[in-house]
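These notes open a run of structures that come right after.
The same chain A turns up in both complexes below, where it pairs with chain B and then with chain C.
Moving on, here comes the complex of A and B:
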């Protein structure tokens, strides 16, 4: 109120006339030449509520702004109307001028007489008439304006990162490098995500673990690692609060190995009497109940699988502890912990899963021997995998023919409608690796579409195309492929109908299914906990697919990597850096967060607690008070969209700067 | 004449329920009688209009005016009682917002006369005789009050000091208002609503509320509603979300949806518009991959379950809504 109160006397009281100045911008000749200026000014001048009208050549120019400022300082109007261009272009400019002139910037209204009047007709009289009406609407509206104040709140600059795949790790590092804390929460016992499981990485066929190793090392022991709190075997249980001021509750399940003490010598594995299927190798081999997921896994400390370890199913066994050279490294007494961290922003980088191949039974997965998913095949290729990198059927010999099925479940309205983007490259990577390990192997690619965009991706494709032992068969529908084991045979038969309708059949020793990439298991639950939406395919939904693809719909929650959409590592890292950029520039240490006043506000006396506002808010900005049952809008999260204002059946919610009275006055003014 | 302050109650276009609501304050009616000189109430007392005309202006301390303004007589009485009363209260939904009589604004008055006097299975009127405001007979001219084209609220024809919503107002609220008047405590500023809350019925409804998403609507006979959960969430069109609080939500306690009799909420200008905006916000159609036409079809299928929009959303507030009446 102060600003307005300085103005001589009359401000807002009922019946009192507010001093309202109209500034008419000619916009060079843009506006001036397309309407009858004198007539317009005359009509505006004699409008109800108008105290004065001034025409100016270019109000947004430096001289124009200076003039406006001085004129306002001299005149001290209660309200200002600027008849000029679209508020999208210059509302902020003129608000700034008002502020400089010591007047509350929200006591101004723009009438868009350029885009909405003179630019939509050639007819000078029509343009004049409409311009006058728009000004009248603005004058009528601005009478109802209230002075609004911007304010600031303190923020926490730390960041919660969920998922320690390449995307999560990269962001954690850059946050840490800027001197800020990152809490990196990883569900599994290891960091590195999917790519640590690959022997080679397309397009340049670098060794996966080697490529990621430096990044992982930096996270664990690098210059800035003290700024990163890595929580493995952990998941976010609850996220409260809002941008700048979140509180995350993290459930940390025990590793039963003290990471600070364990030196990773692996002495405990041998004595352990229990064998379990190794989920990191997709059950293709076994490991001990205490072990690393795979050789070279980081952090360099084993974990105990408590579902299988004898101690946890009621038996007394201390074999691992007995064999451990370090006192206290095996820690049976560890318990599940609930950890609470205050953070200002959250990055979701939980990666993806593969589409379940049993959803397409004709592909023979789980029935015919030698049928693998692409991830399983990655493990077969991997020197720390179940076959130590030898391409062979489990227990069998190297294949003389491999069938690679592209687009399995992708581009398919019965399964996943989208293209998974990475499968072509993965298949060509496989083509290369098979050919270099087992030259002369027959490789049959069954594909629906080939997608090879970008400047790097063609070379593996060319190589596959040029491979004389590789064949390409295009199919139209995944149902046209039938993979099965005929009779007692060791290998599989592949029957197919190609895109031109021709039927064919061949025998293969091995089949690799390049399954579609899907949102990770548990993403619905996680989305609910974080209060962010998923899109129609189940991936985490971006604020805007083009302009803001790393922001979620909730302010302060960002997205990176394959949890947002299928993509390769390069794109995942680009996104993680983009998110880090948003976070570093949005939450600056020592700078407060500006809260806009143009948000929705609930009048608690009128709120009946029906919760419709909660249901409709796309930004999760509305909360219900547990005690009173009434709703309130969080001004930091609110984007001022007005959805709740329109939906509130009791009329208890007011959209600041778009109140019912203001809108009604504008309509009435325009129609008068 | 007694020195006691005078109390009057009048019915314009109404059903008589408001008079019952007054008597429904039970024994307190004796206190009212002790404090006031209850001197005019056509439903209960035999005072004549000429007696009222004979009073000095503002001689009546409190007039509870119920009923909407449908005829010239209603309006004349409104002006007369305004003149003679210190405090004029629009009592009950008809006087406040038009209520059921206000729904007549969806039709033309000729249509009513026709279906009442001519096109009606229990009427035998071969010459199509209609009642007329004036009719010359050998004995002289007979007159009837004129039937207006539109039903108005009390405040649309004269100044009203206070409004008491409800169809009819709940006894505890009538009691509270009379108590306040009798005890001489300061009343809220003129123009206020008395005997009601400032929020919506949900505030008083004990049902558990969750986030609202409706995928189909039910009429009350189509479903046995859960007695604990919000009815609207169960797909029953409960007007409670768009209705002023104050009644105490007795219908909801009886497992029936609110029909909206306490009228437009404090913060709103149009009860029906509020309800449709709210409903539009919570009806959910799984639109994944659907064409716009298909989406519209599915929405309409849900909405087809509303048999009578106006009768449902504007049952009590047609006359005071933004549109007020059908246009042509």
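Moving on, here comes the complex of A and C:
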């Protein structure tokens, strides 16, 4: 290692001066050949505050780092400036060297003389001048640096999972398999989400319940089920705390059936005198006030619909309890509970809803007979649905023609601008199921765009295209379709204008509307409770659409499945595994959480409690203390952007490592 | 007489703009040497005081570079920066400093060429305006 221009600090008696060493990297010939090295070193050496300058050939090489470490250990400077490449390339490298040399890593500043001086300045003298200026700015900044300490906090490794659809269930299982506890909160009485309601699942047309049952069984009775606390009929009421240390308050409404005692024999259904519309069949049929949501629903215990049950509207009825063979299984005395759980991370997997078809009145939903949404049609196809899987109008006969409307509400600036991604596949699944159950049925597909990506999804599309009874009509605007019942007729008339402007009309016995997928009902409220934002379409917003699509903007709150964006089951499960991966690798049992020191800090004495910082923080990291009225920054949540620092009207917030003094020193140093 | 070389202070956010300037560096695209770049984590960190102090200490112009709208690493820091830019321009004008001397622009990590063009454009503009007159 060759050392030029060595100069030991002697500052003419100014005892307070900090010993500042500048290491000048030649970067092979990258830097050395593009400036006048001797002149540069001389000028740097003469700068106020510089104690010594050393030029090194390749500071980031193993040899260079070893040299730097030894030199720092020998010399014990107070501050170090490294004049080399971009800090984006090697700041972490050199911080590591300082750490190895027993020096606080934050007492170093890099001057980017390669990318910002020699590589972009043709004239060699100008390049030399600029390099010297950049070093001066760095030297002047580093004088203001403060030693910063990384610290660690204890964390809770358990996980709260909201929503027991495929995404939530899969994540709960992986968490449980790793030996951690998962609290699985589901708002309905059943697990399985939307797909337990499907008879068949695209692209391979597996039976829906059969596909999900093994997963549901493992959750309820499997090897690791003791690690999963399933709370049905429950919703998160409040989430306090932060990554590693959340406290969730969960509101659990009563099932009025003791799940530990009930054996699911269904003896109580028959005697129940009250009929209610079955919401799991979207009101297409009725069930008893005490019943399963549908046959085969898990957990295998009925629930009492307390809005309709006579007991809960003031009458004394005990029919179900009387018929129950198990003492205490029917539990009228159950009350709403507020359950508190400590968790380290949260996964939001609350799925999606269908866009309300009455928002597009020309589609005839709710007015013309035989017009169904895709979810309702799934139930008609389902062997545990209202028609036991027979495709027919409620109370009617099998259709001889079915119209399937794709893209209903999707790709439409008046409704949902995005493509819902699953409707084409759903429509082709329907095409297949109609043709297999009722061969020869005329099927008219009205579509705007066909979206069939991926390696598996083409076969159902081919099958539909090859079906001689299937017709495809492309429309441009959903307003060009008009569905209604003409006069006294039983079936519906569909008038349309196709994409080329040609008008047409046909009669159909049944219409299926493939409605857009939307964020689930209540997502705004839930987002508020969890303190995470929604995106412009109302879905839960990811930290970064490409790089971090399963993390929300708040650290420790993850997202999976259709609550993030429309997607099929495969993607929902991929995301749930990705989230579980993040959680398992981020919160490790027995390991503490590292907290970075480069965050904002409030000086309570100067804080006026104006709350501006709270409102500008994108990460909910700033809070006002209820008692003192002053703000404070949670170092775990703070990402160090400095927006609150700049916004504070009292200058009470300090952005560690980007303090006002440090930045001003750099500005002025660069102008001198 | 040699041409006036305006002094510019550039505030660049770490994630997009600073990376864009690094890109210009690795592509070895020359630009006027009289600009000094100050790295901040996000454009939202830049306080009005930084801009005023830059002028006060001899800058002829200040360039604030942020991620493109919607791309801020911290979601909306660049929106804050936009709001503050408007305010600071008004303050500058009150002080008799032309608003054009403080420019907010967006540069992504891949836009090395755009970064170079912005520095050149700003330099041209400042040459037209001439050296900043009010000095204490």
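By definition in this document, the second predicted complex is superposed on the first by the 657 of 672 C-alpha atoms of A that agree within 3 Å, B and C clash if a C-alpha of one lies under 4 Å from a C-alpha of the other, contacts with A are read in each partner's own complex, and residues count from 1 in each chain.
Assume a contact is a pair of C-beta atoms (placed from the backbone, for glycine too) under 8 Å apart; a residue touches a chain by one contact, two chains touch by 3 or more.
Quantities reported herein were computed from a predicted structural model and do not represent experimental measurements.
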item	value
More chain A residues in contact [chain B versus chain C]	C
A:60 touches, of chain B and chain C: first, second, both or neither?	neither
Which superposed partner A:637 touches (first chain B, second chain C, both, neither)	neither
Partner chain in contact with A:607 - chain B first, chain C second, else both or neither	first
Touching partner for A:655 - first (chain B), second (chain C), both, neither	second
Touching partner for A:185 - first (chain B), second (chain C), both, neither	neither
Contacts of A:615 with chain B and chain C, given as first, second, both or neither	first
Partner chain(s) touched by A:553 [first = chain B, second = chain C, both, neither]	second
Partner chain in contact with A:668 - chain B first, chain C second, else both or neither	second
Doubly contacted residues of chain A, that is, touched by chain B and again by chain C	616, 643, 646-647, 660
Parts of chain B lying in touch with chain A, wherever the complex brings them together	198-203, 209-213, 230, 232, 240-242, 245, 265-269, 274-275, 277-278, 280-282, 288-289
Sites on chain A touched by chain C in the complex	86-89, 112, 114-117, 119-123, 126-127, 129-130, 133-134, 137, 533, 553, 616, 618-619, 639-643, 645-647, 655, 658, 660, 663-664, 666-668, 670-672
Touch list for chain C against partner chain A, complex	7, 9, 14, 18-19, 21-22, 24-26, 28-31, 33, 36-42, 44-47, 49-50, 53-54, 57-59, 73-77, 80, 84, 116
Interfacial residue positions of chain A with respect to chain B in the complex	417, 536, 603, 605-612, 614-616, 629, 643, 646-652, 660
